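Shared between the two complexes below is chain A, which pairs with chain B and chain C, respectively.
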Partner chain A sequence: MSNPRQASSASQTPHLSPAELSYLYTSLSLPKGPIRPDGRSPTQFRPLTAETDILPGTNGSARIGFADGTQAIVGVKAEVEKTVLASDILQQDVENDLQAPSDRRDGAESTPSAAAGGHGSWVQMSIEIPGFRDDDALPVFLSEMMRESLVGSVTDAGKGRDTEMAGGLKGRLVINKRWHWRLYIDVLLLSQPLSYPLPLLSLTTHLALLSTKLPKLKSQGEEDPFFDDDWGVAEHLYPRPSPSASATSSQIRPPVTLLVISVGDNVIFDPNREEISVADAVLAISITRNSEGQGLKLLSIRTIDPPSRLTQPGVPNSENLSTMAATGNSDNAAAANPSAGQEEVPGVWRPRRGGIKRSVITELTRTVLKKGGVGEEVLEGLEGVEV
Partner chain B sequence: MAITILAPVVEDVRQDDSHAPHGYADQSMSEDSDSDVEMGGVSLSQKRRPRDSNNLATGIMTPGEVVTDDPQWMRGHGTYTNPLSTSIIATVAGHIEKVNKLISVRPLRARYTPEIGDLVVGRIVEVQSRRWKVDVAAPLLAQLPLSAINLPGGILRRRTSADELQIRTFFSEGDLVVAEVQSVHQDGSASLHTRSLKYGKLRNGVFLAVTGTGGSGASSSKPKKSGSSLARDWGVVRSRRQVWTQQTASGGADVDIILGVNGYIWISKHVEGTDAASSASENVSITRMEEMVSSSIYSSQNDEISPQTRHEISRLSQCIQVLVQNGVRVEMETVQAAYEASLQVDLEVGDDEDELSEEGRDYLEGNKASRLIELVEQRWAKQEKIE
Partner chain C sequence: MPLETSTTYPLTKLRLDGRRWNEMRVFQAQISTNPASSGSSYLAMGNTSIMCSVHGPAEGRRGEASGSAGSGGAVVDVDVNVAGFAGIDRKRRAGGSDRQSTNISTILRSAFQSHLHTYLYPHSTISIHVSVLSSDGSLLAAAINACTLALVDAGIPMPGLLCGCTAGMTGSASTPKDPREDELDPLMDLSLPEEQELPYLTIGTTTMVPVGQNNMDEDEEDGETKVAVLNMDSKVHYTYLDSLVPVAIDGCREIRELMEGVIRGSQRM
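Coming up: the complex of A and B.
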């Protein structure tokens, strides 16, 4: 029973009874380590299968399947496009061009950088989820959330590295002053979204971008672009480290977005649908490797509307008409309103009011970013995939 | 390790290749040499399943696939014939079953078909003026009339208009109930009742939905004495004991398990309520006892449950998940065997690598699942030998 009213919320929440919600919440908020319904540790992900280069007609593609049967396919397509900005810049005086407000923020000095540094709108992402229209809030929000971290990553000029990736993904898409690549990332969720699909889609997009190849450029400088016909010599969008360079972890990789919930003082990764429905707060965290290849960088934290506030409250026995009937005072009119009581009764579900403690955020970032933490393990796991 | 990424498993198609009269080899040759138009027709007609000695197809059938061309067979459930030909075609995905000359296809999973007397777990989805609509995984929602529940204050009390107004205090949307099918209507929808102390609202535990054939057709099948006896009917089947109290290890209290025939399962902490009521007041009449018990029957407040018990509840629910994922049917014996096996697996792992797997050692569905199933099958084989 997916309720369209809740579609924008963290997932279509299953109807859970107050007793179930209370049981789940108490289990997950136990101070000495939460007990998850499927026995995972708080930082453990569900096992998944991954493969890349599955679609022959794309520049790059990947498929990931979770053990519970949810699957996603991502295809990346690249197109050469004329840079409209370049001609504007030549005139020097077109300052209020609405198409590129972000690149013009820092004044006259940035005028050549629009063509040199690339533009965020060159990466387009569309997400298709069964049961949702493509202009529904959930797919739009998801795609913007993932695109933002893709475009925003590695904006610091990585000095000492290959100049190819200096400006991040945006910079890589620049061919010359007048031409650029446009990247279409099409994300397709093959199954019903059993849980909030963000981590699945983000990991799949990560692998697809890694396997993306662009044809080798034959023309030079400001010529009209002209490419090598041989697909065998095509270059990866995210260039591979040359074997001569330091072998490990020097490759620049796209960022990944992880889904985290907080329940009580606990922080839980890769939640399933039931766990999300009792969460105090739902957060999406984007991380990537530092440009030096050492350590991690936090790109963004976004909060997602937790569905727990829409759940039905439980009725404590002291206010329950049907349990009081046995003791004889069934005419208590105040008890007819289940939301009248404000104090927490152990064992009774109260919808969460949202909000997140500062200490929880600190704990969260620490678990993700610390050496050998979750973020590093996820990225290492992804690096193990053959692309 | 927080995340495990596996390579995709590809079913070996080579095996079929040797049986098929026209293998994949000629097919690929024609694809290379011929034009597109020709290719489509050729490849479709050549893909035929291997046949056994009776000229029946083997393996899992898909809808629309020809089971046999031989006119000696009669068609049964899950099949149809074209009036102009003798071939029998499958209408569902599943295994072939033959009884003498009758061919039927047994679906891998199906919706639950209610039968009178079935014990089901259901979720209230709608409250109407004098009845509830209950989701029991059947094609139609079941109904639970207000007149078919035990009203608080004794079984002999008359239903009044006040009860009709307070209908949500008994069950409201999202609540889980355990009930019995009282009657089945012409259209296949069921009427439920909860007129027993065993039935009523569920609390203190977790809910689990498993797929399978539900009760449909499974009632007649005793485990056949063959190698595949365990893996014949998936999901929950009708059996003598679908509600029992399981003693748990490692400090957990007793746990109640309710296996609904419809594939909905409830695992909860055992509450001494019913026993206590009868033992504490032996001289109380039957109706009075009813009264005392009913004070908690519509409660949505959980009792206090220790972390150890929560661990064991989570372990039991995982055991059932693993059974279902591996196509083993769920009943008291298999669940108990799986539970014991899971304890044994824990011990084995504890010997192998003590500190290393501390993280997420409760998670059964990953690597441990295969070992668990192996142990269950061993136990099963032993049991059959004794019989």
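Coming up: the complex of A and C.
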């Protein structure tokens, strides 16, 4: 916990000198494909181990550990809660309608949408990172980033099959007009974040939600909810495909948020801390499977403040006061303030400035979403985990 | 009438979860669970499960190094975090810590500060991070055991394993003990429902490695047992301490054997 806390939303910058940063940037931005410090290919993820259903006291839980030792545990707990009357949430209804013009459940068209389509605030997420208070910028930003894609993912396949998941996660939490489930997702990072922890936390949350079970409802319609005692018949929050239909339809799964950086013209996935510190742009991209089970759907993109903005610039020899006497080049006015120098000198580190080019964002999302691309690879890997 | 150990035990001589008075819950432990720390452990006693990681001995923060204990030896820093999903109901904590976790971390800090050979590491900090994943009673005892295992994994020298166990009485035990008709039995290793209902105490014991004259004593196989931690939050009449303390010490001995097995087992790999 000796790392100083950073107000920035990006994770801590490692203490690299401008020369090291420049070296790293050059090798990562090589036009023929980046050379990463750990020898991975640009789209390769760090190896990880995953297990689910590890905590008996939760509705669903998962643990993922990266090979470098960072581990996260996610526990999901659900509570039954009374739905607030429609008149009190009229304001939220409007917002809810705007952000989720989803299919209503059958026969619910006349009721307020919060009772039918669910409400985003029913999903609560909190992240615990050692060394950070839970109201620090990093945990709050991370949890909101993951929550919005969870809540926002609404399948459009309400017709015919999978009526349970018609309203997405929000719709699934509706019990009847007066009652709903409230979902608490608690994320526990067990070690210091060695890199920006977003991919780790997102993958763990994904698995935990998949393993989440809710007790089977025994009451019907608008009765006060009454549940089956038998945990063995509990239903999965994300329903499993019925064995008969498995050939045509794949299971609906929670979204995954991937961390992507661009360095020069290269796109790099799952960056470690050193790589992220020289990134031109850092994006968090949330994806999920399309409702038909093939192809991917983009849910959200968030830009993250790259820590490279906070690094110290290198000083080129031509502007360096101490070498100037040797070179005899003494009438350089820019020497007094090295950051004012505008031109790029090869091999000299210069913090990245300005925004992201539109073409870069296009390239980043294309790499994630294309058929056989990284997004598909990650989702397939996750589908391989026995839940 | 709620089902409670205090009402069912006199009738059946069995506790709520079916154990007898001197039976412990299932004990499971692993060490070296987290490669990113100096030492780590996972420990489960029944449904209580705890992960513990140790960082250090390492150079402490500048503010601490100049503190009072800085030059004398390593400073033990304990951070206890009870996860929101650990209990039956999800707990909402404002600002990061509650009374229970602060209490446990204070006890752990003072216990291990005096237990470890801290004089070997002057000007350094040993930071212990305890995460409670699921809490079902005997939290302090389980935390002591998890910390010991993690510290052993980190290779920090200590005179012996510090093991914790709880003991309670099968009734309120608020009046003096009647030696003729004593219907109350002591219980070992309490679960959460029992903790909430019955008086209990937590004991941590350690064994001293026999040195000097005692070195030759072969009668006592595991050296001398010393009580290093004793904590009691509930009320009990002092006449019952006679029966509580030996039961807790017995539990500690059992746990010590289990923990030694865990440590030996992990070295074989």
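Criterion: the second predicted complex is superposed on the first by the 334 of 387 C-alpha atoms of A that agree within 3 Å, B and C clash if a C-alpha of one lies under 4 Å from a C-alpha of the other, contacts with A are read in each partner's own complex, and residues count from 1 in each chain.
Just so it is clear, a contact is a pair of C-beta atoms (placed from the backbone, for glycine too) under 8 Å apart; a residue touches a chain by one contact, two chains touch by 3 or more.
Quantities reported herein were computed from a predicted structural model and do not represent experimental measurements.
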(request) Report clash or fit for the pair chain B and chain C bound to chain A in the combined superposed model. (result) clash
(message) According to the stated criteria, A:Glu144 is in contact with first (chain B), second (chain C), both, or neither; which is it?
(response) neither
(request) Quick one: classify A:Asp224 as touching chain B (first), chain C (second), both or neither. (result) neither
(message) Quick check on the superposed pair: does A:Val345 touch chain B, chain C, both, or neither? Answer first, second, both or neither.
(response) first
(message) So in the superposed three-chain picture, is A:Ser61 touching just chain B, just chain C, both, or none of them (first/second/both/neither)?
(response) second
(message) Between chain B and chain C, which one contacts more residues of chain A in the superposed model?
(response) B
(message) By the touch definition at the top of the document, which applies to A:Asn320: first (chain B), second (chain C), both, or neither?
(response) first
(request) Using the touch definition from the top, say if A:Glu81 reaches chain B (first), chain C (second), both or neither. (result) neither
(message) Once chain A of both complexes is superposed, is A:Tyr184 in touch with chain B (first), chain C (second), both, or neither?
(response) second
(message) Looking at A:Gln71 after the superposition, I want to know if it touches chain B, chain C, both of them or none. Which is it: first, second, both, neither?
(response) second
(request) State the stretch of chain B that overlaps chain C in the combined model; pick it from 39-47, 129-137 or 219-227. (result) 39-47
(message) Show me the chain A residues, by the header's touch rule, that chain B contacts in one structure and chain C contacts in the other.
(response) 1, 65, 67
(request) Provide the residue numbers of chain C that touch chain A in the complex, in ascending order. (result) 34-37, 47, 49, 51, 53, 55, 58-61, 79, 81, 83-90, 93, 95-96, 127, 129, 131, 133-134, 136
(message) For the complex, give me every residue of chain B touching chain A.
(response) 1-9, 123, 125, 152-153, 166, 169-170, 172-176, 201-207, 291-292, 294-305, 307, 310-311, 314-315, 317-318, 321, 359-366
(request) Please name which positions on chain A make contact with chain B in the complex. (result) 1, 15-20, 22-24, 26-27, 30, 32, 35-41, 43-51, 63, 65, 67, 269, 311-312, 314-317, 320-323, 325-327, 336, 345-349, 374, 377-378, 381-382, 384-386
(message) Applying the document's contact rule, which stretches of chain A touch chain C when the two form their complex?
(response) 1-2, 54-58, 61, 65, 67-71, 73, 75-77, 79, 126, 128, 130, 133-135, 184, 186, 188, 190-192, 194
